[in-house]
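Both of the next two complexes hold subunit A, though its partner changes from subunit B to subunit C.
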Partner chain A sequence: MNRSLRPSLRAARPLAVLGVAATLLAAGCSSGGSGTAPGDPANGGTPQQGGSVTFAMPPNATPNWIFPIATPGHTQAYNGTIRQQVFLPLYVYDGTDTSKPDVKAGAAELPKYSEDGKSVTITMKDDLTWANGEKVTARDVEFWFNLIKANKEKWATYNEGQFPDNIAKFTLVDDKTFTMDLTQAYNPDWFTANQLTRMSPMPQKAWDIQEAGGQVGDYDRTPEGAKKVFDYLIGEAGKLSEYATNPLWKVADGPFTIKEFTTTGQVTLAKNPKYTGEDAAHLDTVTLKPFTSAQAELNVLRSGGVDYGYLPALALSQQKTIESMGYKVEPWDGWAITYIPYNFNNPEMGPVFKQLYIRQAVQMSVDQDTIARVIWHDQATPGYGPVPQVPPGSYLGEKQKTNPYLFDLDKAKALLTSHGWEIQNGVATCTRPGGGDDQCGEGVEQGTQLKFQLLTESGSTETDNTMQELQSSLSKIGIALSIKSEPLNSVLDHSPVCKPEEAACSWQLSFFGTQGSWYYPAYPSGEDIFAGDAGTNLGSYSDPKADELVKASTSSTSPTAMQDYSSYLAENLPVIWMPNPAYQVSAIKKTLGGVVQDPMAGMTPQRWYLVK
Partner chain B sequence: MTRFLAKRIGQALVVVALVTVIVFLLLHTVPGGPARGILGPQATAAAIAAFNHEHGFDRSLPEQYWMYVSGLLHGDLGASYTLNQSVSSLIEQRIPKTLVLTGLSTLVALLVAIPLGVWQGRRRKGLTDYFITTLVFIGYATPVFFLALILVIVFAEKIPILPVQAPQAETLAGLFADSRGLVLPILAGAIASVAVFSRYMRSAVLDNLAEDYVRTARAKGASERRVVWLHIMRNSLTPIVAMLGYQLPVLFSGALVIESVFNYPGMGLLFWNAAQTSDYPILLGAVLVIAVATVIGSLIADILQAFIDPRVRGAIK
Partner chain C sequence: MTASVPSPVVAAQPAPVVGPYRRMVRLFFANRLAVTGLVLLALLLLFCFVGPLVHPTDQIHTQLADANLAPGVKGHPLGTDDVGRDVLGRLMVGGQTSLEIGIAAGLLATLIGTVWGAVAGYTGGWLDAIMMRVVDAGIAIPALFLLLVSATIFRPTVTTQILIIGCVSWLVPARLVRAEALSLRSRDFVQAMMAMGGSHRRAVFRHIIPNAIGTVVVNATFQVADAILLVAYVSFLGLGVAPPATDWGAMLSNGISYTYDGYWWLIFPAGIAIILVVSAFNCIGDGLRDSFEVRLQGR
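Here is the complex of A and B:
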């Protein structure tokens, strides 16, 4: 999926509050289930071919797109999951190993980069065909590329300067191979994980048409033609009720085809009998079932109505009951980080936030272990830097591996008092302004009080409790934190990137991470959130060394580029690092095998199987 | 009567038009607009500008309103930003499901509440009256959410005789084919309404019992049965009919809590989610439907009352 706050889950919380009474009641009333657990694949059992599985989607996740090029508003996580079962992307990553793509699940062999990192050659797999019998070729990738190039502004994932702007030339070498010349040298890991994963061959010999019933041609090779073809295909993609029947979407090359796609969001994938690759589905059908609320899902889960569901946060106390009903309960870690940005451009507190020692004092006041263990019931992982802490991989810098700022209120307080702050009536007040070592720091005026305002998303007890814990810790070192809760969209609206003179710059701290603040693609570089000019660098964090390291992580071929970046930002604290909540706590029937909980929120249902 | 109707319909049109203007203005004065909410935090300024241009947010308010109204006059309610469907098709899918739920709940509630109210009215201050009043108050005071959950736990988990969720079919025929699944949601919706309707009915019966016409009917030798079920009940229905008229928008606006607990996507949930995601076209479309239902409901209530109550009939000629 694309780097972002998961949109499907952004809609997921409205009724969470209602779940409180429900869950507590249900917990009190449940007294265990049958106590029998059928064959667990982990403990042996015989994998079966065929069968059906039902997967529960998060509340109000409504898949609404099938076309491999998503337009704005159609980027929900489950759209990608469904699409890539039907139309194979060039490369797919499995977040349990972010160092290389899961070649089996994609349409091409591993990419080959030139020595200078300025061109890449890709060969398509030999055994893949479309459902109409045509081979999957390099021309099918060119078709995708031409449509993107001519319509990039309509593509939801387009970022200026990135794909397709960074491709100088696309050349077909032969039927199976193509080369792309890049506008500059790129880090191969970054380019494969964050750019090539967006590419997806599309059946040119079936889709290169400009109108319904039109002849197939090479229209995509001119910009005008590409625009017409794109508009036609987008128009067809707008007919959601026809997804299961429109002949266009039948020309699949993935392990599944669409059997059902209802307007309320239920999607049933059926094994593609015409799939010719090496990753064929075991199951006959997989149904992705929508739910109106987490409570509704929990009710159905408790009645055994889904094979792969989840426990809402407040129902975690029911783990034993659910397990006794034949489910495994496992947290699904997300390839994400969670944080609170400082608004460095806030006219009042900006100068304060710019002082590293203040950020250090704040970070030392975040009791991440307790928050993760007590408030999140161990379903969150403390995070110390810009790279996801779990699963630990080669991108984690040494500094980030071990928390450089352990929870220590005395040390935090000492940092403030040694820099000229005196605690008056419980609030630290600057008494020694100036830029010296024992002074408050440049731009901080005498009499400035450490009173921070935090805008936080509403609707989650865990988040509310986390913020109260933070407020309590900070108050002990002389920082008064006032908390204002708003719905997520409103929090995002009210914490834009801004200039000090703008009215919109009145926010100081902002939290939007109940379900993780930022989900990364496989290569967790920070060009979108921590580079000085990044679009989602909400707090306008600006540090020349950080910029250099971000740039190196995407463009240098050095294998340590990411680690250097990770270590530096872990220490430089562009934001307050917070524990990262699990993507979800899954309940998986013990009869369902082959499940990998991909931290990047992807799924490979073709590898699921039932056991006897 | 014709003049009355023409006048009321005229008023109704003005009310609906005003509602669209007010809701439109309210939505469009929300700072930031829907782009950030729809496109997410990663959206670039260019993407937001493109979204605003595509949906006309870069035009003046009157211009935007005119675009909306002219679409409306052509039967076009616009398209949802988030669901990849037209608003009219979304409402078309949801309204029948919602009406099945809310309509049947109300019907069940009335069938129970009217006789109950009459019965209680006649046995005022008896032990059974107190007992039923207590039960009804408990039903009224219990949050629907909690009630729904108790029903699920008791009838779907402890004594598994009913399904935990409402029927998942897309069509009405499909819904009724799995009618067992409708029992719990309808029951959950009906219980609170029983309380409201039966209380109104009870007090109306109490009022009527003391009326002269009741004494006259009794004096003329009418049987108690006839007095109660013909004279008193008919006259006591007036407040219920008035309430029912105003219940119409409630029927159309759905039952958010029941829909969410029983996994039954209806109008309530559609509206709620649209509000969460700033999906303006859905919000406008749903408000319009509810506004129309409100004015029609009050009109129907007036007409029905005229049929029941000759005094009202006289007043509207």
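Here is the complex of A and C:
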């Protein structure tokens, strides 16, 4: 018997995306279906059809791609958001409910998995057509799959072993249905949320050509042909200034088409009059406006120049002013976690970090509640484990729900002194080396001092202050923390996965979470960041039980697999858990309804509408 | 009969001989602006280095419960910053860093620039050409850019800041001293020394540089002022000394974030301190320039 499975979103971001967080991340996210329906009294007023809305993008977010296959350098913020308004992905998730996909916003019905979890059958929606009048079919998905398979190395979100490597066979069942045999059994929730969300039908009968003016064929069905088609389409996709005029991109199946796409990043979406699905746009146009800085955006917002903008955290004192101008101000929480990885392979401090009691003492020194309230002005949420703390869902383990390491400096200090550390001149020094219960631990030599170095991203007062608070708290238990601020990209460059003998392994702690450290797809499993062999397991955290739990969360069908994983890592502390900042604090015109602030940073502007 | 008593003849007293240095000092102290600058600098030094003894505060630990208190609340004359540290105490500690780096970096830049310029100007020829092209090339690269790159490579500390700022600020003094050296090397006393078998080293260090000292000293004061501003720039961009240390630029940068909150005590004290110290050094520099100016000494 087949089971119908859960939703999807886009796969976990590659490391490069780390930290750039909100931005990169937004690229593949989708948005949700739980938007307020037109006429919902919560919005007040009478919903109108038509009208225009201007949306402010984050600083330096410059869309530069709409082709459904992103190549490196084209995963920037909002590319995915814009793309999915024009070319519908197979599945889209709304972060307000990560348990199921937002079917209305996608191109297919819910997937059906075989009982053994080794194959999945997907049926396309019946009512969708391309702008050229052709039906959206399973062949269109096969076209996308063939291009990906033949050109996977050029695909920005390709991870070895994952899509398309984990597809053993792609079979067209009929015009509307296809089946994919998988290389092994997978957790259906994970597969839908983290793999199927990457798929996007493309108009085979319009795009399967190898050169400008060429005949349409089935070129994609041979690897050589697929490469030529791919190269041609990528070449066309590079011409940003032609996005609004190139006939290729006019063959859309989404609720919007491109009306304007400038090289400076301004994009105007126009309602697609040929859209045949059930999620048609209410507005005539939606303009996504780029800004070079949050301050520039704030200035425009204060002049009423955007309908949907944001407040820099430090401008929250202007909330009343902004509200008096007809906006409502609401935080937009991200489906993310924020943390500071330990470098377990650092030759100097690696052996220290490997001691669980040290990590516990450090975690007990993080006053998350106060940091979130005072420093982040309540625009951050304390986080206690590997699963986003909000919105609370079925993935949170019991241990993570209730912070296992409450802020307690006395207890933290006692943990150190009871394991052979003495505070000398304000710094804890190991006086009882060895692996016994009351000793410093394996690999920690006598005389070792608890002096940590932290690399942190510059440019944010909140982050600076958070690090100062951490430094202050740690100093009270005998840990000296020295802080070095660098631009975000520099921090990421200087915090690579490394081996102890490598010079690059000199980093000890690293923070890149001003906008959240890691944004998850709908299914927040940790195979990309906490598995021993994960590509973005920056600190080389390695724990056999954690590996087992990570594996179970992606391949087991047990409903508690994610909760077990969540609880274990909340207690085992692979990183320092930190408060997770809101994705942004939004200012939304009160006349704009239907807005859902998707924690996965996706948007569904087709559901926005103006009210009188 | 009354004898007439010859009235004593008052002999004209010869004017006291005043050495050139005394004349310079007199001229300097006759310049009210220069004296004001000197007094201001002395007060700032006292404030930064003696102040913490009078107004001791904890500048190491944060006190989030006391964040952003207004001046006068809970015994904080200038309020607290966004992590609860006393602003007055922080102004003193930050001033120490700014002044230490500024003065040391300014002097270092002057030292390097003086030697470089004197050697180039005295030697002349191809060596001069090469040395001055190096200076031209260095001037073509914005100092701020070099500072930012350096701050990214090296962990910012007081020492590294001094070295970095000193090493990017010596170009202008080098040009000035070279111009002086070009003139001085053809003077009779230098030629005479050379004719008597004096070495080039002696010519440069005993004759060229001492005779260019006026230019050097005046420029040094401007170098110090510029260095303090550079420290402020770098810190303003978030690449200054690491917390819990701070400097006035970092304080100002932090305060600017709260412009819309009305926390003026996070902005004005640090901003005013920077203005005062830079103005003080500039006034002193102006006074020294006038003092060293031979044509003004007879006024």
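One rule holds in what follows: the second predicted complex is superposed on the first by the 570 of 612 C-alpha atoms of A that agree within 3 Å, B and C clash if a C-alpha of one lies under 4 Å from a C-alpha of the other, contacts with A are read in each partner's own complex, and residues count from 1 in each chain.
The rule is short, and it goes like this: a contact is a pair of C-beta atoms (placed from the backbone, for glycine too) under 8 Å apart; a residue touches a chain by one contact, two chains touch by 3 or more.
Keep in mind that this is a model prediction, so the values were computed, not measured.
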Touching partner for A:Lys476 - first (subunit B), second (subunit C), both, neither: second
Greater subunit A contact set [subunit C / subunit B]: B
Touching partner for A:Pro487 - first (subunit B), second (subunit C), both, neither: both
Partner chain(s) touched by A:Thr179 [first = subunit B, second = subunit C, both, neither]: neither
Which superposed partner A:Thr262 touches (first subunit B, second subunit C, both, neither): first
Partner chain in contact with A:Arg302 - subunit B first, subunit C second, else both or neither: first
Contacts of A:Thr62 with subunit B and subunit C, given as first, second, both or neither: first
Which superposed partner A:Gln162 touches (first subunit B, second subunit C, both, neither): neither
Common interface positions of subunit A, toward subunit B and toward subunit C: 487
Contact footprint of subunit A on subunit B as seen in their complex: 31-32, 36-47, 50-51, 81-85, 89-90, 93, 143, 145-146, 149-150, 152-153, 156-158, 160, 163-165, 168, 170, 257, 259-265, 269, 272-273, 276-278
Subunit A-touching residues of subunit C, taken from the complex the two chains share: 60-62, 64-65, 67, 82-83, 152, 155-156, 237-239, 242-244, 254, 257-258, 260-262
Contact set on subunit A toward subunit C in their complex: 314-315, 317-318, 367, 370-371, 374-375, 458-459, 461, 464-465, 467-469, 471-473, 475-476, 482-487, 490
Contacting residues of subunit A [partner subunit B, same complex]: 2-5, 7, 10-11, 14-15, 18, 21-22, 25-26, 29-30, 60, 62, 64-65, 72-75, 153-154, 156, 158-160, 237-238, 240-241, 262-264, 266, 290-293, 295-297, 299-300, 302-303, 305, 487, 489, 492-494, 496, 512, 528, 535-536, 538
